[in-house]
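Just so it is clear, A, B, C and D label the chains in written order, and each chain counts residues from 1 on its own.
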Amino acid sequence: MPESVPLDALVGRIRDGQSLAVPSDVGGVSMAATRALIRRGVRRLHLIGVPTSGLQADLLIGAGCVDLLEASAVSLAEHGVAPRFTDAIRSGAIQMRDATCPAVHAGLVAAEKGVPFMPIRGLIGSDLLRHRPDWQVIDNPLAAEPDPIVLIPAIRPDTVLFHAPLADRAGNVWVGMRRELMVMAHAARETLVTVERIVDTDLLADPQRAPAVVPSLYVSAVALAPKGAWPLALHGEYAADDECLRAYAKAARSAQGFRDWLDGYLG
Amino acid sequence: MPESVPLDALVGRIRDGQSLAVPSDVGGVSMAATRALIRRGVRRLHLIGVPTSGLQADLLIGAGCVDLLEASAVSLAEHGVAPRFTDAIRSGAIQMRDATCPAVHAGLVAAEKGVPFMPIRGLIGSDLLRHRPDWQVIDNPLAAEPDPIVLIPAIRPDTVLFHAPLADRAGNVWVGMRRELMVMAHAARETLVTVERIVDTDLLADPQRAPAVVPSLYVSAVALAPKGAWPLALHGEYAADDECLRAYAKAARSAQGFRDWLDGYLG
Amino acid sequence: MATLADRQTSLFLASALADVFRGVPTLAIGANSPIPAAAALLAQHREPSMRVSILGSPAHNPYTNGGGELFDYAAEGRLACFVLGALQIDGAGNLNLVSVGDYDQPTVRYPGSFGSGLLYYTVPRVVVFREDHSPRALVERVDFVSATGTSPPGVYRPGGPAYLVTGKAVFRFDREHAQFALQSVHPGHTLDEVMAATGFHFACADGVPAVTALPSEQDCRWLTGPIADALLGGYPEFARLLTGD
Amino acid sequence: MATLADRQTSLFLASALADVFRGVPTLAIGANSPIPAAAALLAQHREPSMRVSILGSPAHNPYTNGGGELFDYAAEGRLACFVLGALQIDGAGNLNLVSVGDYDQPTVRYPGSFGSGLLYYTVPRVVVFREDHSPRALVERVDFVSATGTSPPGVYRPGGPAYLVTGKAVFRFDREHAQFALQSVHPGHTLDEVMAATGFHFACADGVPAVTALPSEQDCRWLTGPIADALLGGYPEFARLLTGD
């Protein structure tokens, strides 16, 4: 049974050099834990955006926490490019594994199902495929005619980290419509969750909520972090803080502007 | 947008010779539609139990509706063997494709994801595999060492038929904890659903219910059928009618006993 | 600051996109795409049976199986039409959403390929939308292929580009010859201007090219009324631009 | 009609099964398995940190991803222990849940293989449970292999049989030699009786075999109290048998 722990104890489970999978900016990002990770000075992360990332990746990259990034895209959406990401790619400061959204999902589904790979349509002939030696083209063994198809290896992250609306005392976490968070939890070795609220009732005993609950079986630790996605949105809870994001997009264009902004954000 | 239709119109969409996938006896079986199908005299079905079947398969087999059965098991659970199934296997009246539960799920997931196959662990060396020429062993192309693994071809049923607690007027169907029903609907060409109740609200607009809703995108028709799983259980709604099932298990030991029971059941 | 011209351009492009969505049973729009989202709702107003989903807009998002569902839906062949943007588009229909220059040391880096690696291959009618019609965007050969315009025989390829809509023109994609063909030039632009601004060769019928249709009055009423209202949640600034507030 | 003997047998077998569940972090019980379900709850009473799931019992079912989740959970290596029944078990640990005689024209047909085709290969400690200890059930060679007892080198095989519990004895499975070894004989039974009733060869230490432990008084209080209560929903008749009502 997972414990409810302080935020610093939660991020203390993430070790330097590990693979860390995180949702997209609209999918329940634990910015509270991201701040704690940066404060702690985590290093050499293999960050996986499921299937994309944004502010979170940009902060971790800018703060020097990331060695390797795997994602289908990194951007600040309506606020433009992710400046620290773009800069790090151009300077070669991080290694990039470009993906396409369904390939990231496929790799996680393979891990969830305990199989070494999942097939996926598309990708044939692309440079995406050419730059991913871990993705392999085979001839579909079940087809009568030649039929090349790509196999995506299982993505089993050391840690999955996300923010959700609520958990119960037993560590069951309600994710609502963000079903990809459940796939991520199933796929990962450790799942760390920050939540807006911890309730005293059993979420699995609620016939309405239970179908959208990540059972505590898969949850390693939960930390309470109200407004934990800020300045990003948490679906059904609060909208993004567009003013803050706009300010970030502007400040982070330079390394110094980024550092100043980060100092303020870390508080 | 699917229509809410009378039960006979719903089963009228299922044509002789089609593949028809149905849930296990505890998973929301549309016994109301099963009765209507038998009354109509459907023939030559390729019935797929997801991943098992029970009373429903036994009735359809006993009534001569089934040519081919694909399932991991067919039984009446605590009421013993499924007598018409057992008799049909021994007499060769139906063709059987023995499966194992996760292989049925894997085939449906492959169809859901639009890929031709899914890998699955296990099965190597078994007679299950030997009797399934459609299942194929390959050497895992991503492994450094030889690693035989089974590929299960996609199962894309012509029709999926099940019973659920509720739908809305737009054809969105709430399946609660029976997530396999959602996979089935995603995998099938047509999804036909009977429900206990049709509500006037939009199920997708309800943040509690929506995560467990099969969107109308995947639903071909809905028919109202209160107590539509009887004498089987519908989770969260009513328990199985054990007396009725016990009577069935006894009567159906003989072909004549089955016919008499069926006449009474069809009413 | 938004101007009247921006508003007219948005109404026009939404209408031009809605024209090439015509007749599809199902249509999805990705996140962060205000003009395509407006166009999709316009197409649905014109054809109410059309099933439209707009990612990032809860009211127009019928998916309940998480972020992967759209791709499953497309891979199954259930999605008839999708809109993709790109950093570069070339004459063979290849898309680049990644970078300009050497991949390992790019001069320009874009966010990345998003879902194009699957959607461009599986959705029968992909509409490529790039407002910037310039030799920088429409190139002879893309620097990085996020997704190919066509595939050799034997490759599973039910989908691909069908139209390219820019700020100056509409092209159809001819799969057999793997090239774009000019369909219409937007009002106020000329064939010469389009040719000069296009970095790739395209097919073009003889004579004066057709002119892209303007939105009807009914279209404008829908776009500035119920559609602007519907977009207020996901795209508040764009919705205000449409209404002229 | 249930008798006192049935009740004693159920309590005893639940305890014998709970003994072989000892120390596992996670344990799942399939549907329609009353004695294993009671045994699992007993094991959890003995070791409260054990995570137990009982299919068909909503109160003990922690899965939220549909009928396929248990198999995913097992294939991932998260499930440490599972109980499988069978029509026939042979000396090499092969299981038959399908039929006796020719597969196409069987003399006996059973429901089918259920999840054995994956669970037997991926769950490290599978406990095979068959109350009927007879040459009909424990055979030299099964007529149909639902799942093999062992796999050749190079086959991914983290799981397999660990124990066989019957109405007369408990066997351990020796994977290296692909055979069962007698661990204990139940009180009231003898080694000779076990040998005569077992259709396959098994290893057996010299001397008088160990006797399977009886349930403790605490075990019986748990089984006839809170465990019977917990099983009332899924197994009402069995729960009443345990309480003696």
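Some points to look at:
Going forward, a contact is a pair of C-beta atoms (placed from the backbone, for glycine too) under 8 Å apart; a residue touches a chain by one contact, two chains touch by 3 or more.
Note that the structure is predicted; figures quoted are calculated from it, not measured.
Within the contact network of the assembly, the step distance from chain A to chain D comes to 1.
Across B-C and A-C, the chain pair carrying more C-beta contacts is A-C.
On a Cα centroid basis, the chain most remote from chain A in this structure is D. Chain A and chain B have centres, each the mean of its CA atoms, that are 36 Å apart. Separating the centre of chain B from that of chain C, both taken as means of CA atoms, is a distance of 40 Å.
Centroids built from CA atoms put chain D at 28 Å from chain B. Shown for chain C are the residues that touch two or more other chains, namely 64-65, 72, 75, 122. Annotation for chain B: residues touching 2 or more other chains are 109, 113-115, 120-121, 147, 149, 177, 179, 182, 210-212. Pairwise, the chains that touch each other are A-B, A-C, A-D, B-C, B-D.
Contact residues on chain B toward chain C in their complex (touch as defined above): 1, 111-115, 182, 186, 204, 210-217. By the touch criterion given at the top, residues 106, 109, 113-121, 134, 136, 138, 140-143, 147, 149, 151, 153, 175-177, 179, 207-212, 236 of chain A touch chain B in their complex.
Residue ranges on chain D touching chain A, taken from their complex, read 26, 49, 51, 62-65, 72-78, 122.
Those residues of chain A that touch chain C in the shared complex are 23-24, 26-27, 50-52, 71-75, 77-78, 81-82, 85-86, 89-90, 92, 98-103, 105, 109, 120-129, 131, 145-149, 177-183, 235. By the touch criterion stated above, chain D contacts chain B in their complex at residues 31-32, 56, 58, 64-69, 71-72, 75, 97-99, 103-107, 109-122, 144-148, 151-152, 154-156.
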